[in-house]
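Chain naming follows the written order as A, B, C and D, and within any one chain the residues start at number 1.
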Amino acid sequence: MRNESTKLWGGRFAAEPEAVFLDYSQSIDADARMAAEDIWGSEAHVLMLGVQGILTDEEVRAILRCLEEARAHVEAGTLALDPADEDIHMNLEKFVIRGAGAEFGGKLHTARSRNDQVVTDSRLHLRNRLLDVLEALAGLQEALLARAAGQERTVMPGYTHTQHAQPISVAFWLTGHVAALMRDGQRLLAAFDRADACPLGACALAGTSFPTDRALTARLLGFARVEAHALDAVGARDVYLEALSALAILHAHLSRMSEELVLFSTYEFGMVELADALTSGSSIMPQKKNPCLAELARSRTGEMYGCLIQGLTMMKALISGYNRDIQQDKPPLWAGLDLAEQTLGAVAAMVQTMELRTARMSELAGANFATATELANWLVSDRGLPFRRCHEIVGSLVRRLIEERKTLGDARRVAQLLAELGVKAKVAELDFLDPLKCLERQRSLGSTGPSETLQLHVVLVQALHDGRREAASRRRRIARARGRTARAVKHVLRGGSLADCKL
Amino acid sequence: MRNESTKLWGGRFAAEPEAVFLDYSQSIDADARMAAEDIWGSEAHVLMLGVQGILTDEEVRAILRCLEEARAHVEAGTLALDPADEDIHMNLEKFVIRGAGAEFGGKLHTARSRNDQVVTDSRLHLRNRLLDVLEALAGLQEALLARAAGQERTVMPGYTHTQHAQPISVAFWLTGHVAALMRDGQRLLAAFDRADACPLGACALAGTSFPTDRALTARLLGFARVEAHALDAVGARDVYLEALSALAILHAHLSRMSEELVLFSTYEFGMVELADALTSGSSIMPQKKNPCLAELARSRTGEMYGCLIQGLTMMKALISGYNRDIQQDKPPLWAGLDLAEQTLGAVAAMVQTMELRTARMSELAGANFATATELANWLVSDRGLPFRRCHEIVGSLVRRLIEERKTLGDARRVAQLLAELGVKAKVAELDFLDPLKCLERQRSLGSTGPSETLQLHVVLVQALHDGRREAASRRRRIARARGRTARAVKHVLRGGSLADCKL
Amino acid sequence: MRNESTKLWGGRFAAEPEAVFLDYSQSIDADARMAAEDIWGSEAHVLMLGVQGILTDEEVRAILRCLEEARAHVEAGTLALDPADEDIHMNLEKFVIRGAGAEFGGKLHTARSRNDQVVTDSRLHLRNRLLDVLEALAGLQEALLARAAGQERTVMPGYTHTQHAQPISVAFWLTGHVAALMRDGQRLLAAFDRADACPLGACALAGTSFPTDRALTARLLGFARVEAHALDAVGARDVYLEALSALAILHAHLSRMSEELVLFSTYEFGMVELADALTSGSSIMPQKKNPCLAELARSRTGEMYGCLIQGLTMMKALISGYNRDIQQDKPPLWAGLDLAEQTLGAVAAMVQTMELRTARMSELAGANFATATELANWLVSDRGLPFRRCHEIVGSLVRRLIEERKTLGDARRVAQLLAELGVKAKVAELDFLDPLKCLERQRSLGSTGPSETLQLHVVLVQALHDGRREAASRRRRIARARGRTARAVKHVLRGGSLADCKL
Amino acid sequence: MRNESTKLWGGRFAAEPEAVFLDYSQSIDADARMAAEDIWGSEAHVLMLGVQGILTDEEVRAILRCLEEARAHVEAGTLALDPADEDIHMNLEKFVIRGAGAEFGGKLHTARSRNDQVVTDSRLHLRNRLLDVLEALAGLQEALLARAAGQERTVMPGYTHTQHAQPISVAFWLTGHVAALMRDGQRLLAAFDRADACPLGACALAGTSFPTDRALTARLLGFARVEAHALDAVGARDVYLEALSALAILHAHLSRMSEELVLFSTYEFGMVELADALTSGSSIMPQKKNPCLAELARSRTGEMYGCLIQGLTMMKALISGYNRDIQQDKPPLWAGLDLAEQTLGAVAAMVQTMELRTARMSELAGANFATATELANWLVSDRGLPFRRCHEIVGSLVRRLIEERKTLGDARRVAQLLAELGVKAKVAELDFLDPLKCLERQRSLGSTGPSETLQLHVVLVQALHDGRREAASRRRRIARARGRTARAVKHVLRGGSLADCKL
């Protein structure tokens, strides 16, 4: 008597899988978090099969009853998942078969495949998690805007090449990050929208001969549209790569902010002090206060890039259709989403609680020739000299001041040296060499001038509001679809017929 | 007498740069291709300065005259670029100063910086190149659709796990790629639109005290909007990372198509024969015909991923504002754009000229149980058995046939074995075991059924048309802006005043 | 009364860490597996402090007693780790302080820092895990050699460009992988040796004023040498990047073998059949037998590359000394080591159990002109024609045969066509056109000729033996050092003095 | 009359390659730099064929004559390479055939293939370039050691987490980098040795039936051994990936040094001033002096990582044997080698010429509690308190001093506060709170204590010497082999017989 497989797909097989196979191929760890989505997907699928007459109301009811039971287990955290059943789909199908019997439960998998099921589940989960990340992103932007508010005249040195460039305001510095993060929000939303198409019903790769209604399934699951081409729907993973790319670029931005926090909170810069509660000490050096949160946020950028590379490498040179390779789409995707949400929270916490050392900022802004450009510009606009000539004059002037260990704050000496260089200027005329006065003169669109920065602030607050509204409307659409499915399930379980159920 | 720098920025410096510095830091190689964009940017800038009264008409005219001369050199390929002048901006500014004299030419750089200049130039160039890539992408999609046309009933095996799954049509196979590439087109267009904002006028990092009109500059350069926040505008590079991500995902798709061409043109598969003119022989093995083009397209996916990683790594942990690090944004970006365009052309050429061996396709489609799923589905729909039970029955049946070295093409034996497994079926009922008949039964939306595939084809042709229209409208907008600038330049050079020039 | 930190490093801090800080910065998950190593490190350190007179025998004894207790907990799996205590080091130090009191336990951290401690722990763990991976690698090589044995005359097609090139033997094919894997083993061993230096005693970054004996600590921990430079010892992570690189290259090799298993087990190639117990079926397609293990091994190459990129990105642009960023060295390192071991096991299992379909191999070897090169070579050596001319002749001959749908197996027709091309040959002379005969003629060093391949086999068996001996000697050295430490601990705990303890 | 290919491999082909094929597949750009190596390889091969009697002396002579001519062209830079001939091998073979006629020249390609030829050429070139990189690496180490010399008592702050940790010396800081770079040297040398095996004679994939002597070829090319297994020899690229990994890790180190140069030369840190000749100014801000060289060295780390990812991605999932994919091994390899050499030179130039601002270093070392750890250690060793308790005492003390805006330099106040915390200490006892005195107390192996650091310096100078000797011996071996080949060629060209030629 020959050995036979106990797998749901085992008819053709003469032997059970070995442990090495099960260990290496199970995906329960990455799947577990999609249990609720898998159930929702099955509900929608079964309701559709019922509406289309592929299953009877009675069959639909028996299956839905078990699915409700499974959902209760999921919500209570008591659903037992057996790695020997490979994935979440097989675990739940077996649960239904055990509960409803093979006669009824065995009909759940009609007109679908794990290939379309898994990508449906993961898109459902991705949608929610992207909205969570967008919320955390908005939280960070709000924190930055809150700290920027009222700081349009708080002077600090603006840097290029990590060298003093020109005076800027704290508000200008912080809103700069908000502006960059806006584009991250747009990219994440675009990834959401690209993923917002329903693959369910594509079946294994070729569709099916059952008279399914894929638009109905999509509507019940709150998808914006059907991912029509069956071969493409089950075998493509580019929307996940797009999400990972957007997350990687976002994390690059977060690494830049983290770097600034590390740098600005050094003894040498001293412009920022991080909250005690968000830093840590040393096991050996008693005086240390280390910006560990910022360092870790900077470091984990590598983790995010790694997730992206994992996904890209995985997809290289796979032929069309489902290949088991792409089971590994989920670990980097979930890791990336979780990481982004956490890092956004960590950076926001630092931003909210950091102390801005404005006296030190002001001191630095005046210490190292940051107003030299304005002096050159003034020579252009007030004296009508060509900019390139002014640049030379001021360059020579700066060199002289460095030799004399003086700064542009010494307006008298500046006036003397200008005279030597052929430009007559009164000391009083040079008041813009003060960093704050210099700042106030900037007036081009998007500049660090107070009124321009205020205008940037207003625009960014509005954009943040609009972005949140976009996310909220998607969140509501999903909730509405979930409610629609739940009501239909309740209707059927109460003995109602699908014929009189509005879907 | 001390040594002084001859650099345009040299006023403050006591020594000339050393060779090791110039060699390592020059960017002329990557900049050279942006010469026309740099000139356009200068024209727009100078016209704006004139309109705003920052420069006089006479000054504007003198500068524009030199810029026209430089443009003529660029078009003739005779512009001499000196690496000692570091980049394209300094080379062209020196050209203008030499031509117009320091009095006039020295005013070109008023109210701008190389920091905003370079990102403007590269965005201008990126826009054009993205449109080129979109055109090449549309070319490949068109080639695929042309080969798909009329092949809705040409049967081939559909694969999952590189194993025969179900029969599909050639049209279904090829349109699957078109569907995936549509999303690539959307991503590239999104990257275009995100890059379509004008940074010029942000100056070094903080804007300027000159009364510039950034909206006018943006309009003259055909940008959709101004990239307002000056600090963000000069220091961010996320739109380039977004473009590289979109290109990397696209190349992953191209690697998948290439893999199929390699695989399907093996002796063993034999479903495709690549054109002699697109393959090559061996220096030692006289019989060889190697799919080198497909192999190289597959391989160079790594080059694209490398470009993306270069960009991501570069941006990690840079503080706000311009850092010289980001000079290196251009080499991977240009390489990525060039590579994508080339690979799209190479794959399109293979698709256009490949011979489809339909007899072999049909033979394979019937050889290895690809219609087993349909048999299970038939047992469900015709006999009312639960799908899971049908799956078991057919699994056992297949196992028996394998032992007997038979296929599902032997309908008589199938009927006998079904009977043994408890299902009575007439041989005539089992005609759908023929791959083509099986194919014709598929009727779900997006399936391989001929009418459904025809419908997919129609939708994709329309989408291709729409995508091309989107690209064309952007191309036209750029051309209109270019024309507007050119007319204004001509007007001024003919002695006209900016006061009566409509911009 | 002000709030104070309860942290061991908390003296300077006015507030406790917030949850967001603790969540984001704790490393207990990655640290937990180093508990035994951390204890061993503390034992060696404390013994050294005692020998040097920095601690008294009594103090050493009190601390060792608690460490033994902690070890018992670790071995029983009952050690409670509190994430609020950040890492394994603080958890264990607190455990000792609780057990031995602050008076004694508070002396454990004398003359060390977490900075040198963590890198010591992770190097200790890495050493063991690299030896595990080397063992798994040897297991795969052994499996390949076992399957190769006796197959020197089993003909199969050798491929270049996935096209038939020349006949090779199964033994030649399989030993080719063994040869490549040898270099992987060398790289892993080199990474072991580079990591085999003891950082303990480097303290925070600068060493210490205590009269420590770092050579003694290193000896007790079985390190080959001291990692002398303290700043380098705590801040460098290149040996981990080296290990990750070696693992990434190894996984590239495993992906190549996996690809072959996927390809060769297709219906079309049909040269290999994977064991039922290592493949799986489809939830929808009853006939499917999918090479999932091979596909997953191929896919997870991306995971390994991602681990490497994570490490490389993390290290970019960190200044000297310890930075919290490098806490994240362990997640990718542990993940990479685990993955390599698992994948090696998975591929070995497939190799051991796969069925080689030698009839199909032989059929393919003769079907598609694989002996054409030998025909050209024969024309050179037997007829004295220049090779390039022979290549042309045979190329033309092949083209004719393709047109006639014949193969080189038809020696009569080959002789006729040769005659037309100007070369007279008797049919009997052309017996080498048979793949096996062709194979037997190869006689260059390292060729597929049976005696040459047998020689390769012998050399590889010897190399495998040597490699295992190398690994075993390192394993023994570690065990000896562990024993030396354990004996010294026992001696002290029994009341013995360190003065009469041979270390 | 049908069209026929003019390619050397064209016998089987009915059509010439199209432009798109040639453009995409040619490798002349990456091959050109291997021309000398290709000729040397051909010389060695032909001499071996002659010695083995496969070619006559006359044939050998005719071929060698053309090769000498080709070499003269290469050295004069006048070798014309035609992309239509695809690669360097075909170009040179055609050159020989044109020069020696088909009768003689057509015999050059006997018993070899482009598959073994290209990997031989690239290994020959790689060997030289790795030695160049090793030389540049030694140059940087020498520069660091030169700047470290005599600086064992020059105090600066040592950092962890970019926060002041403990005082270290300049010599200790700089030698830390030398120590890390030593491991880079070891890895590069290991890559050299792994690549130092001769693939020539492996032919296409299976060896040959000609009675070749692969050991002789290897000896003539100065390889340490034969890469025996033919299939492995032509299809593996792991030694290139190993070289790229070693280069990537090296560049990570260079990015760390560059980051320090950027940071330490900020206005805020002010510890280093880079040479004017290695920095640059701003086109708009006249005062700027930007550390561009360091920024670019930091940035191009991404380029190196990208090269590695390109190689790794390329190799993923290729089956055994030569695939055209691996033609693309050379562009990232050459780019990586060139980049490493350049960056090493750039960083060395900065190190050699930077001004160390020792007064600022000393000021910072005393400003922020860097000696706190020594205070805790003193409490342990002098007062016998447990370290953990001392850490708390000093932590509290530091907190008090911060509140009072004092430092540890105020020994009187320190003594008072210690008394309040229960520890009596005389002011005179606390002299080690001076950074230099603190530094001088460090005495553990590898510590920043002057005599220990001097010892590190001595050891590193010796290691550098040893490393250079290793590299030089390899360089000499290659030169000897080149000489051996050249003499043999000359002997034959003068009419000598191979029979009396010692090889």
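Quick note on the criterion: contacts are C-beta pairs under 8 Å (C-beta built on N, C-alpha and C of every residue); 3 or more make two chains touch, one makes a residue touch a chain.
Bear in mind that the values here come from a model prediction, so they are computed numbers and not experimental data.
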Chain hops separating subunit D from subunit B, counting only touching neighbours = 1
Centroid-based (C-alpha) most distant chain relative to subunit D | A
Could you put a whole-Å number on the gap between the CA centroids of subunit A and subunit B?
-> 23
Any idea how many Å lie between the Cα centroids of subunit B and subunit C?
-> 37
Which subunit D residues reach two or more other chains?
-> 8-14, 93, 109, 115, 160-162, 165-166, 203-204, 263, 281-292, 295, 298, 301-302, 305, 308-309, 312-313, 316-317, 323-324, 373, 391-395, 398
Footprint of subunit B on subunit D - complex, ascending = 5, 7-18, 20-21, 23-25, 86, 89-90, 93, 109, 112-115, 203-204, 275-293, 295-303, 305-314, 323-328, 331-332, 342-343, 345-346, 349
Could you pull out which subunit C residues touch subunit B in their complex?
-> 160-166, 262-263, 266-270, 281-292, 295, 309, 312-313, 316-317, 364, 367-370, 372-373, 375-376, 391-395, 397-398
